[in-house]
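Following this message is one structure expressed as structure tokens.
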Amino acid sequence: MQRIGVFVCWCGSNIAATVDVQRVAEELKKEPGVVFSADYQYMCSESGQNLIKDAIKEHALTGVVICSCSPRMHENTFRKAAASVGLNPYMVEIANIREQCSWIHKDKATGTEKAIILGRAAIAKVHLNAPLIAGESPVTKRALVIGGGIAGIQTALDIAEAGFEVDIVEKSPTIGGKMAQLDKTFPTLDCSACILTPKMVEAAQQEKIKIYSYSEIDEVKGFVGNFSVKIRRKARYVKEDICTGCGLCTEKCPQKKVPNEFNMGMDNRRAIYIPFAQAVPKVATIDPNYCTMLKTGKCGVCSKICGVKAIDYTQQDEIVEAKYGAIVVATGFNPISPAKFDEFAYSQSPDVVTSLEYERLMNAAGPTNGTLLRPSDGKHPHTIVFVQCVGSRCDGAEKGKPYCSKVCCMYTAKHAMLTREKYPDTDVYVFYIDVRTPGKNFDEFYRRAVEEYNVHYIKGMVGKVVPENGKLKVQAADLLSNEQLHIDADMVVLATAVEPDPSARSLATKLTASMDTNDFFTEAHPKLRPVESPTAGVFLSGMCQGPKDIPETVSQASAAAAKVIGLLVKDKLVGNPCVAHSDELLCNGCSSCEKVCPYGAITYSDKEFRMPDRTTALRRVAAVNPAVCQGCGACTVACPSGAMDLFGFSNNQIMAEVDAICK
Amino acid sequence: MQVENKEFKPLIVAFCCNWCSYAGADLAGTNRLNYPADVKIIRVPCSCRVNPMFILRAFQRGADGVIICGCHPGDCHYTTGNYYARRRMTALFSMLDYLGIEKGRTRVEWVSAAEGQRFAETMNSFVSTIISLGENKRLEDLRCKTK
Amino acid sequence: MTKETLIPLLGVVTDIRADTPDVKTFRVEAPNGGKVFEHIPGQCAMLSIPGAGEGMFSITSSPTNKEFMEFSIKKCGKLTSWLHQMEVGQEIAIRGPYGNGFPVDTEFQGKDLLFIAGGIGLAPLHSVINYCRDNRDKYGKIDIVYGSRSMDDLVDYKEIIDEWCAEDGIDVYLTIDRAQEGWDGHVGFVPNYVKELGFDTNKTAVICGPPIMIKFTLAGLVELGFDKTQVYTTMELRMKCGVGKCGRCNIGDKYVCKDGPVFRCDQLAEMPDEY
Amino acid sequence: MQDKMIARAKELLRDGAVNRVLGWKTGEFVYDITPAVFTSAEELDRDFVFDAFTAANLSKYLVKESKKEGKVLAFLKPCDSYSFQQLIKEHRVDRENVYIVGIPCEGKVDIEALKARGISGITAIEETADAVTVKTVYDEDITVAKQDVLFERCVNCKSKKVVICDEMLGENGEIVDSDRFDAVAKLEAMTPDERFAFWQNELSRCIRCNACRNVCPACTCEKCVFDNVNSGVEHKVAANSFEESLFHIIRAYHVAGRCTDCGECSRVCPQHIPLHLLNRKFIKDMNELYGEYQAGADTETRPPLVNFSMDDCEPSIVYQRGGNA
Amino acid sequence: MYQLSLDNLQNFFRQIAAHEKLYIPTDKDNVAVYAEYAEGMQLTQKLNTNRSAKDFFFPQTENLYDLRMNGKNLEIEDTREACEDFVVFGVRACDVRSFAILDKVFLADPVDSYYKNRREHGTVVSLACTRPEETCFCQSFGIDAAAPEGDAACWIADGSLYIKANTEKGETLLSYVADLLTESDGSAVAAQQEKTRQLLAKLPLANTDFEGMKKTDLMAHFKSPKWAGLSEACLGCGTCTFVCPTCQCYDIREFDTGSCVKKFRCWDSCMYSDFTLMAHGNSRNSQLERFRQRFMHKLVYFPDNNDGVFGCVGCGRCLAKCPISMNIVKVEKALEVQDA
């Protein structure tokens, strides 16, 4: 029988207003095993914690029940308090009488009654709690960054700077990501390449950083501090260590008709290519979908002209297996395709472009060498209509996304401003629902577009774009003046929503990291742990977690790096002791548990047992690796004999709670 | 609504997974979204931790309804837990139905940490289902009813 | 005797003594004072606590004690753990007495008695030893051999030293399994000690302790020339109903709860080896 | 068949391929046959029997037998072979220590079915290919069609194929189309009230003798949860209808995906509770919801309850299925 | 002896049921069970009920008392309700005899008041067998299936029910139905008894003789090498013990309802692996030991303690119900063969 102390928190008036805390404390005092019961204004405060600590010492408590806010808030606080006076932290249970009681009930009698029941359930559970001691595991002092965009680069640089080795895995032939495709960056209008490429070079030169370009993650095993990752280095048919990046092959390759993804398919590249001039690593890659040699075995031009003999048509995918202590996900985003939005005629007219395409049209390295020309006829456009929120903030979410893509307002203002600056003869209209410009110098930037550059901002949505006689007839509503507008535009630019990279979902499965319904990675806590995923040792950087601009991305990247560094400096990790365990005397060896374990934490072995009738028997029994087990409990239900149970959430503990609630 | 049901205060046990639904319930609280006090939540690490024995135990002890809440399929903190829970509960519920136990007494709902509103709505809807079903008579243990 | 065979009576724990690190002695009285029921030495009683179960324990106090009963209980399972943590004033359910008890008013009368106990095995003998002390004129010389793992594990050490050792006509021989600081007495296992001591074979012996100790002590006594009819022992209390009906404590056609737990060793020799 | 089996068993014993034989032993009457281990040719000649009444599934005995010294010969009928293969899948038997001789089965006669026809006082039974003739102590001579007195599991036989063996005696059969789920479907079509009444009536007869559990080749737990005082569901007898249901729900649930539908539970139930209808419900559901699955048909596939697919149906499907109020 | 036309049987039942609760063996889903008489309920045509009649006096579960703990205070409450008078009709000779065996256990000092209560309030009306079955061997225990004991005994012959009171309780019962009864010389009964006895003599187990068991001493039976073979197929289920009219082993357990702890008694089976499991171990670890205990108890220990009366009445239920068809007759034959 435990000696239990009950501590009822008022949480100021948050709890006390709808729960009679004194009565809760009094009633719970009557429960078996309860030797101390008290209420206090703020249990989480220092004096509240002291109250708990003193009671533990004075009454030799073996169990503590705290009736307070959600365990998700302060479970750790109270566990630490208990531990500081020598009580095992896992002898503390929380009855959630705030979020699940006082805040949802208005009637004090109801709230009080429910709080007592919740308290009883926690007491019933604590009776069956056993002191748990967390296991320890070593930390591999190397980090993996998945994605080589600005988020990944920044994270890797920061981690490397702190002295830890870090590998970047990038699925395309070069790092740089989406930022490399941008022309200028808001709100300062400095050249994107000018600020990004030095970082790319730095990453390439940093000794602690190893870049696996043109590579993907095949498999992730292990757990925080001890991940084992299989990286698939896709065959690029060019020996990376030999290729000098001279680019001769990319000029001589006879296959000229390959859409250039770097320029959003608005021009062509060769089958062997270097994505762009500043690519890192600056190594050619053969696109197996277009290479005549790879497809038909006839050609071999590049191989013939390569001075260093770097071409290798026989190259195969290579699997590299490496160990990491931490993994950072920086898989970034893609703009959604506006093809689904028939009303904007994106598929019908080449002059309807996405913002990223427009970005390339404005860029000196782009398909038009930086001159703004209509894709259809190469003529200079005079009237340009920008449409905001294409696919963002959609209600139905069938075609679009329910969320705000966050960066579109600013880049549209940037595009409008740059257009007006370079081509003052151009009329620029921006149709918007709201203009959202919270950020340092953002609103000023937007106002300059309106006030200095005379961009026509119109609140309203474009209803239809009809290509007609070389023009794009734009029908729109001006919600402020409440009139229908008809604009004959030369170009329409769609500020398409962003979405996570499609590779993210399968990666999440491999990492056992969770995602929200939009496939953005979920953070461990939306406010307090925004750069960690709920899976220990997996961190989030950049757009993979949610829409954000470059400054925010870089901030998060550095924050993630800081978290990784904080993890890697540790020599040992203390695990979660609430893990599964197998009672070998009950185990049948049937393997059901092994099959449902998502972590491969269960292994079987034949062991000799002394049976009750004094004979010995060799039996196949399960054992759980506590360092690998994450404590989900899937095995406990798969086990028919009840040999598998979970520390901290044992069958008997949960049933005791059920009993107490139903009493 | 029948008159006789007015007196009936159902007893409802909700098993909520720690990562999504329990957090969803917290969010419902944070947003002061009301749902009946008849619902009492038990925190489990994952919906796959819910053993059919717990559900039967709740009915034995006098529960009128049992609801299991977990992360949306695909969002399980443990990747696959709720997929197993989904099959297990489907099988169990079907068996209970086969034995003639009212179908509505057990339910599985997926509620994410962000769906405080949905949590409250789910609980309101479940409570009203149970009120319309009335007291659990088919899986009761009379020994536990004499208070 | 409990009036209804299976319905217990209330008892109040009025005193708790820690004898050894894992043995406590509990004093039980009726709620209004006095004993819950009368018993004879060697009998036992079923103690129960709702939720923790019930268990059969030897009554360690002598029937000559008119105020209370005592139980010396070793902590080994759910119920005993519960009993060990309870406080004075706790009410418990108690039914009994069960078993045949020692033949203190028949076979034992006028005999020299040799009590041999190991560890918690002293508990059932405690009652009969004190009964004999209180009826000193009915019995001859009393020898007591008692051993335990260590000094700390000797149950009732204080009473043994202060009372038993001080009494005329009683010789107490203590031993512990392994030498220990602060112990200047005998060191060694009980069966060997008994053989070393080499008692007269005209005595009636009573052995209680772990099965292995009983086995070797009995063999030792036989070696010394004792007949099995002179040796008594008391069985492990593996009973449930206590009244010879539930069907599980039988050894052959004998029920431990009715025909035992005290058996003469010659009887035991004729019983199936199922204990 | 019996003679062939005895001959083969004697051969294998003589050759030292096995040191004992698991089979069936004659009893006091024609039909009270006991599973037994034979160690000599004499015993086999004297007591070994294989006929219409050798119904017991021997596979469960192999859990213990396969752990003993030396190899054991076991005769397995199609049903038994599924159970045995499932036990291999669950690592409960040591395959190396068992020599399996597969034997075809044309269905076994249920003595209770005979008795249910009012036949009692049986002194002798004669069996032909399709009829059974009973002599009684009342000097009756009754002949019934065999088909009418077979076990339910045999009437609705799912497979006549021995799925695992070292050798076959006689011709192996094939998996057959059976109507074994019809009775489940019939129950499903009832209203919940009718179903409730049906099962309350059936389960109320349960005396918790554990025959169903102890005979079940899937119930081989080292310690059953119902015997384990720490399991939270332990109880020795059903004190009320709740505990009656609890036992049978949990038992069926624990063997769900593992039950081969061998029908032993219903065969041995002294109270004639159609326990197989519980197990078959799970089998039927899983076949319908997650794809056909036959426990014991192989040793590799994942049982449905330790498996999943991303697009599995939601538990709410139950609200749409089955009989409605 | 009195006579009553079977046409009047429902009236007979109705009139008894008007005074006391009446239980008769009837068919439920093709299983014969004792059920409380309800209007129109028919007597089963089956020889005997699936379960024995011991439930009436020794039910499978019964609450003994409630315990409530409140702080340090304990409350013990005897929750028994007053037992009403009842009549069990149609008990076969074997089952009637089983009550005498149960009496030896439960009414021996100290008396089991739960059992005694029911026994005192119950009137047993036996019914002679006419079609004994192949599994019957009651005659091995000196039971005459054609002349059953009981507070009152009945015969059905030639379309009539014949009834004779043996005890005061039986007389009381007859008084309930006095208006329906006519005096009879019992010649039809005698004729029918003769027929039944002829059948009994022809039964395959008619010559099973348990007296031979007594020729060998306890230890020799206990140590017999036969037990290993006999018990090897035993599943360790409790079927035999639960259908047995004389098995009376029980367990005392508790159930925590949340508001109190109910102490209850329930049937237990010596065949169960945990029957003798205690905190400090198990005295019967193997199925061999458990199997042996059951038969040793019935055939050796019980007679040793009860003037040679065996703990078996030959009802044959275990023969019919054992999942693996191992039973007391096979055991007896195996042990005797060895003795010879």
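So that you can tell them apart, the chains are marked A, B, C, D and E in the order they are listed, and the count of residues begins at 1 in each.
In this section, contacts are C-beta pairs under 8 Å (C-beta built on N, C-alpha and C of every residue); 3 or more make two chains touch, one makes a residue touch a chain.
Given the structure is predicted, the values throughout are model-derived calculations rather than measurements.
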item: Per Cα centroids, the chain farthest from chain C; value: A
item: Interface with more contacting C-beta pairs, comparing B-E to D-E; value: D-E
item: Most central chain, Cα average position; value: B
item: Length of the line joining the C-alpha centres of chain D and chain E, rounded to whole Å; value: 30
item: Centre distance in Å when chain A and chain D are each reduced to the mean of their C-alpha atoms; value: 52
item: Approximate Å spacing (C-alpha centroids) for the pair chain B, chain D; value: 36
item: Shared-contact residues (touching 2 or more other chains) in chain A; value: 596, 638, 651, 655, 659, 662-663
item: Chain E residues counted as touching two or more neighbouring chains; value: 69, 251, 255-256, 258-259, 268
item: Multi-partner residues of chain B (at least 2 other chains); value: 52-53, 57, 61, 74, 80, 84, 88, 143-144
item: Sites on chain B touched by chain D in the complex; value: 52-53, 56-57, 59-60, 73-74, 80, 83-84, 86-104, 106-108, 138-143
item: Chain E residues within the chain A interface of the complex; value: 69, 71, 256, 258-259, 281-282, 285-286
item: Of all residues in chain B, those that touch chain A in their complex; value: 11, 13, 18-19, 22-23, 25-30, 32-35, 37, 40-46, 48-54, 57-58, 61-63, 71-72, 74-81, 84, 88, 112-114, 120, 144
item: For the chain B and chain E complex, residues of the former touching the latter; value: 61, 143-144, 146-147
item: Contact footprint of chain B on chain A as seen in their complex; value: 70-72, 96, 98-101, 103-106, 110-111, 113-114, 117-118, 121, 509, 512, 514-517, 522, 534-535, 578, 596, 598, 630-634, 636-638, 646, 649, 651, 654-655, 657-659, 661-663
